[in-house]
Amino acid sequence: MGHADRVTPERTADLGFARLDLDRERRTGTPEVVYAAGKTPEQTVACLAGLLDGGAAFAWATRADSETVAAVRRRWPGATVDEQARCVAVGELPPRSGEVVVLTAGTSDGPVAAEVAFTLAASGVGCRRVDDVGVAGVHRVLAVASDLAAADAVVVVAGMDGALPSVVAGLTDRLVVAVPTSVGYGAAFEGLAALLTMLTACAPGVLVVNIDNGFGAGVAAARIVRSVQR
Amino acid sequence: MGHADRVTPERTADLGFARLDLDRERRTGTPEVVYAAGKTPEQTVACLAGLLDGGAAFAWATRADSETVAAVRRRWPGATVDEQARCVAVGELPPRSGEVVVLTAGTSDGPVAAEVAFTLAASGVGCRRVDDVGVAGVHRVLAVASDLAAADAVVVVAGMDGALPSVVAGLTDRLVVAVPTSVGYGAAFEGLAALLTMLTACAPGVLVVNIDNGFGAGVAAARIVRSVQR
Amino acid sequence: MGHADRVTPERTADLGFARLDLDRERRTGTPEVVYAAGKTPEQTVACLAGLLDGGAAFAWATRADSETVAAVRRRWPGATVDEQARCVAVGELPPRSGEVVVLTAGTSDGPVAAEVAFTLAASGVGCRRVDDVGVAGVHRVLAVASDLAAADAVVVVAGMDGALPSVVAGLTDRLVVAVPTSVGYGAAFEGLAALLTMLTACAPGVLVVNIDNGFGAGVAAARIVRSVQR
Amino acid sequence: MGHADRVTPERTADLGFARLDLDRERRTGTPEVVYAAGKTPEQTVACLAGLLDGGAAFAWATRADSETVAAVRRRWPGATVDEQARCVAVGELPPRSGEVVVLTAGTSDGPVAAEVAFTLAASGVGCRRVDDVGVAGVHRVLAVASDLAAADAVVVVAGMDGALPSVVAGLTDRLVVAVPTSVGYGAAFEGLAALLTMLTACAPGVLVVNIDNGFGAGVAAARIVRSVQR
Amino acid sequence: MGHADRVTPERTADLGFARLDLDRERRTGTPEVVYAAGKTPEQTVACLAGLLDGGAAFAWATRADSETVAAVRRRWPGATVDEQARCVAVGELPPRSGEVVVLTAGTSDGPVAAEVAFTLAASGVGCRRVDDVGVAGVHRVLAVASDLAAADAVVVVAGMDGALPSVVAGLTDRLVVAVPTSVGYGAAFEGLAALLTMLTACAPGVLVVNIDNGFGAGVAAARIVRSVQR
Amino acid sequence: MGHADRVTPERTADLGFARLDLDRERRTGTPEVVYAAGKTPEQTVACLAGLLDGGAAFAWATRADSETVAAVRRRWPGATVDEQARCVAVGELPPRSGEVVVLTAGTSDGPVAAEVAFTLAASGVGCRRVDDVGVAGVHRVLAVASDLAAADAVVVVAGMDGALPSVVAGLTDRLVVAVPTSVGYGAAFEGLAALLTMLTACAPGVLVVNIDNGFGAGVAAARIVRSVQR
Amino acid sequence: MGHADRVTPERTADLGFARLDLDRERRTGTPEVVYAAGKTPEQTVACLAGLLDGGAAFAWATRADSETVAAVRRRWPGATVDEQARCVAVGELPPRSGEVVVLTAGTSDGPVAAEVAFTLAASGVGCRRVDDVGVAGVHRVLAVASDLAAADAVVVVAGMDGALPSVVAGLTDRLVVAVPTSVGYGAAFEGLAALLTMLTACAPGVLVVNIDNGFGAGVAAARIVRSVQR
Amino acid sequence: MGHADRVTPERTADLGFARLDLDRERRTGTPEVVYAAGKTPEQTVACLAGLLDGGAAFAWATRADSETVAAVRRRWPGATVDEQARCVAVGELPPRSGEVVVLTAGTSDGPVAAEVAFTLAASGVGCRRVDDVGVAGVHRVLAVASDLAAADAVVVVAGMDGALPSVVAGLTDRLVVAVPTSVGYGAAFEGLAALLTMLTACAPGVLVVNIDNGFGAGVAAARIVRSVQR
């Protein structure tokens, strides 16, 4: 809008049904990632191809169902797929540096933690997972507290009562990103209980993303790692 | 309704605006207690008088505001008043036996814990309070874990994230009664966050009462103590 | 965390995707029970095996679907299965003592009551079920009021309006654990109506668990029975 | 809209800020009643005057605060005022016939029951109040069950758990109108808990009005009485 | 509970999983009706048989799916079935008297209106349906206003905005029972929008039942008709 | 109701289950459109036929599933079908004039935008779609800002955070109609998040329709175009 | 952002605590209007002064409390104040053209309608108010239906059930902007009931703004009038 | 709990009503900060004194009302007070390093931004505020985009639609902490709308804290700055 200091036009690839933001990585550190949930398999494939055509060495999609995975594999037989994370990628994964510790409260939180881990890998960030350390046996998280000190950031994934981030944030000085999951039933209300718990955590400094949003947590953790390494 | 094994007529005192249930203590172990919140000071005084007239040695009211307290004191100068708990009693407190440990997550939960403690005292049950042991400094609750083993039951009072009962229930084999409080703001939603956390506690066996309901928690804990002593 | 009086290290079995809390029974009276809902059948089988390997004589899982039941049976042909309760157990059930009365408001609440009953059996506690005594025909619950006096605790399972615990708690001095169920439609809001009713029960001392959480109610009732028998 | 069988024009008095529906009584049996809550005292007085000018022998307002009551009394010194019901009327009350029984669960529900009673009186219907018969002492409502048979209709006013209409509707064949009140705290959510309970009452045939809507319950009960007497 | 005027013991048939309330018709005018939603087909058949065995000439079930209907027909080939209403009945329908007009706002509200109609038929009450008179074309409801005067009561079934009862209650002096339906999407929130509209209807005297609860509306309307005919 | 200036009787076609409002186009500019969601395929076909019989040159239905589409095609082989929009039409589409720009925030909002576009076409209004211009790459919407000036109105379709209308309404003086979609997960709450965002847009003048209601947005935009062309 | 066709820099006045958008009128047709609710009286005065300094002939604020009004009057003794609308303006009101009809359902909706009217006046648009035509006496709105045909747009303001826009939109071909108000109690939930009703209006083409947002409705209506006059 | 690598006992100061966590700064980087909202002025003063006694050079409280501020000033006349932020501190503020940019969408978000700024100052972190850059005039945020590149982290404070973080996160590679505020009315639902918007931001990597939680955002931002500087 006429600001002389921002003269580089943003590059966009217009596919008709999609308008790929080719300069997002330059601006934000993370390229546009395809959200496959509301797209046909063909649309997801076209978006991945468009990103590669736009110069990316690596492109990927989240929330890919089996049909989409199959379509991607037909086009790129060597695609990287993580079924638990529902992620699929084409091109070469970046080298990794830094480390983020990803904790889960229970085994059922695994798929969301897998999405965090995939996002970190796709962002060139190292990841160490520690699973099933919920507060019902609080010694389990105390036992890993010393490991947190080696991390650049900590991601905590928890459903049901979502109490784990409150405990973790009181044990470490690392940034704690909390991911509520839809694990649980009844008054868990599809993750709402865990979300509210994390937002009202009595330990200050807990930062929260959307329910089941492993991707967002991974992107944020990667931003932290890049800030540290800058 | 014609059941031959229940021939004792229940005694009721009809004050017009109220119908005092004089046999509630016989049936349930706890006499009718006056809920002053929706009553005029005069109505609360009349209810207390009616309960004493009905044979009770001791009668009390919860949620009493300062006007009600003043009215009670005008009628019974020696009334027992706990301003933090908003409770007022007339007659002689019963002797105590058994012990319930009452934990709070933070200082702001104090008034609700005071209502628990008053209810226990009015029910003839001993009470030990341990305040401000929230999970942001989880060593505080670990430090008192051994004390829980001496209790007949444990009441945990917590607002904000309401995470304390999950941790406590994983440390003790005593019954854990959880009281969410309206302490907090924003997504605490007047205690809703803590309520949902407690209902979905990952440690099984946590039992929950209404938000800020110290009275109900106290009555339930007294029932447990009486069961133990029976 | 350096507290000299808690030197026994907690035993944990690390399966990678799960971290079994082998000393939970020692601490809380109830061993870790496998929540099968978010696990693959293979994961549930591995958790059960890990608990037995850790020294348990008996291990079990809740929320087991038919695939999980089949997988358990393949590994342990003599497994105990309750299809209505969706529970499956391996090893020898403990002997029973004490008695908990489990009431339902209607026939549709049966599966949740079955989960309560299974949990009591797995906890070595006796159980007596009385079904379909909802308040629309209040004489039905009055007819069983005298039976409550023989119980160590009472569990009330109700959906729709969830009104039964209010009536029951006014008839007995036993601890009343209320389980809202998701039975009903429309403004029942998947059990929310019953949950709120129970939380605001006009009879004090009603303690509430999560919607459809028969397991939690059973664990709590077992804690009460153990407190009585201690 | 051109329907030959509805040629009588509806009479309306246009006060600028209000458009009084002078034929509402002819159409619906109940004249327009002034809702004072969002009006200035002067507007309420003008509306009452407009209704009297339009031919009514009697006009009244609900939700009148003390300022409004004072303004009405300045204009009509002989106005009928019920402070608990927050109602004020001018003109001569109609003679009464028929009888509606109005039950309350607790003393705190009194103001709403008073609004029901005032509405019945203003509608020319007899009213019998029976207060404080909540289900925590279910014998209290059983004791009055036989009285219900004499009524043309039953109105049940209850806050907190709102369980009373379920019990009452199982004891009588009269139409049961249920009024949830905002009595209670925490998970009562300003009457929402009682509202949901009444909507999901396990006894069929319970009809529900808005929270604290004693006026609406009274109008409906009067419609029933008129139907019976027609 | 010892009340000398209620000596007739209530008759109950105990099927184990169900406790049939055989005297409900005597007390309330409507016999126990089987809610098939949470029951197996076998349980529904057993309940219907138990009611007939208990002396009823006619027994029926609501919310019957196709499996249940088939099971009933296997046992009683002449059973009466209304698939749209999801109701099934055995025995002889009672003769009809009185008339209730049932209005729907749109065609999609038809199944709920069918449940109202079936309930009225099963209760021996006449029914006249007038469909698709929603307020988007308000002349449609005005055209049928004169028909309402012949009715003993009016049931209005509406989803989406649920505005129809407000208009109807301003046109007639008959009792208006409003049934919100789950028709609609988005902010209709499965019937919540219509429910709130009806509860806050600006025309007083609208009485509301649960979302999609055609059965409850029918039972209430039948109570009105019986009151009129008494 | 007797108003001399509205003597033309409204024409209605009574199909029993439906009452077609044949004069709706005369009154409101848009004819009755069939909402197929709660109707059987046969009912939708009958409604379309009834509208054509009533004199319409063109009739159509929204929310048509594949069965309904098939039924319509059997009756009218030349029917116009838009599968993404779930719309089906019979008769001749009107000629177009005016132009509405339809923006989407993301590809997943496509089906709702397609319903807007179909509605505009069926209303004789031109439509220009611009897809995938969400605010995560705000240059994309800035790039199309100048195009908005050529439009008679702007429709903005967005799910997830629903932030696009706020930005658009600050860039143009055209009327902005905002359509929240159910795209997203977790705290998107099926479109509620986007709905609330749009209702509280900090740019004034944003007008909102129901979640996923492309039809309503199209009808409103057509009203604007007709107002402009009047 | 480098787009050659948008070279005019936007003018902004930076007051430190506020950044006045001086070109908003050029872009959107409506200048920046001061939202006084979260500002000190001094801040509001400073913003108004800044807008006048930036070249505006007229500046105004909404949601002004009495303190703010007094502060404005001290600075500009001739300020235009509408107390019911809570609006205050300085400078010369623009001349008016076009006409918007503003309907209210009840007298209590008056303040919101006053905000609509003030906004229209401040936007140079004529306004005709018609008050208290709620659907409980539907003849009142039918009586004014013919007046709607003269309007460029219609704004409907309604609380409680919010049903009026559904009826109005079925009677006119003008654009209908619906404003839910917080008038009502209980299940009106501070305007939520009316909001949901309007969003789900069975008459298509109703456009909705935030609860009590008379300002937004006025801005939108002014956009329509400008579109018509363009 | 017996872990040999964590032998340092945590130091706690027990004030009876509070249990000060004196080693929180060592563990988490931020000392215990007094939440004054639920405490008496005397309790807040005692907590501050206890923290200083425990060795802190600096102690402070949030959510301090005027009474609390006065009490603190009586005890420590040189206390640092920020009335807009409602914060009060005693002792010497730490030196600052690093920089966090704090953006607000509007002037009304100022108090929350002030709490962020105070927290950063108390944490020894530099802060640059940029106010009133909401998306209704999106050029305002574009104009400051280049400034973001100099920051270690960005905090975005916004009420109403809460759309600003989505735009900001698409313009920068810095970590974006989003703070929803309770600014707004109606469907803003006390900050819920902004909260949901931020949780569902279409730009990935936005991290969210509780509504109005400037303190939490500041603590998290300080953690990031410390990570960068480590």
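By letter and in written order, the chains are A, B, C, D, E, F, G and H; residue numbering begins at 1 in each of them.
Just so it is clear, contacts are C-beta pairs under 8 Å (C-beta built on N, C-alpha and C of every residue); 3 or more make two chains touch, one makes a residue touch a chain.
Which chain is which protein? Per UniProt: A, B, C, D, E, F, G, H = PurE domain-containing protein.
Only a predicted model underlies this, so the values are computations on that prediction, with no experimental measurement involved.
Between A-H and G-H, more contacting C-beta pairs join the chains of A-H.
When the contact pairs of E-F are matched by residue number across C-E, A-H or A-B, over half of them reappear in C-E.
When you average the Cα atoms of each chain and compare centres, the chain farthest from chain B turns out to be F.
Note on chain placement: the centre of chain A and the centre of chain D lie 56 Å apart, centres being C-alpha means. Distance between chain centres (mean CA atoms), chain B to chain H: 36 Å.
Rounded to a whole number, the gap between the C-alpha centres of chain F and chain H is 45 angstrom. Counting partner chains per residue, chain D has residues 1, 3, 6, 10, 24, 106, 136-139, 142-143, 169-171, 186-188, 195, 199-200, 203-204, 210-211 touching two or more of them.
Within the complex, the chain H residues that touch chain G are 106-110, 131-133, 136-137, 139-140, 142-143, 159, 183, 185-188. Of all residues in chain D, those touching chain C in their complex are 105-106, 134-138, 142, 160-163, 166-167, 169-171, 184, 186-189, 192-204.
Here chain F touches chain E in the complex through residues 1, 10, 12, 16-19, 21, 24, 32, 35, 37-39, 43, 47, 180, 182, 190-191, 195, 210-213, going by the rule given at the top.
Contacts from chain F toward chain G in the complex involve residues 1, 3, 5-6, 24, 27-30, 33, 138-139, 142-143, 145-146, 152-153, 169-175, 177, 195, 199-200, 203-211, 215-216, 219-220, 222-224, 226-228, 230.
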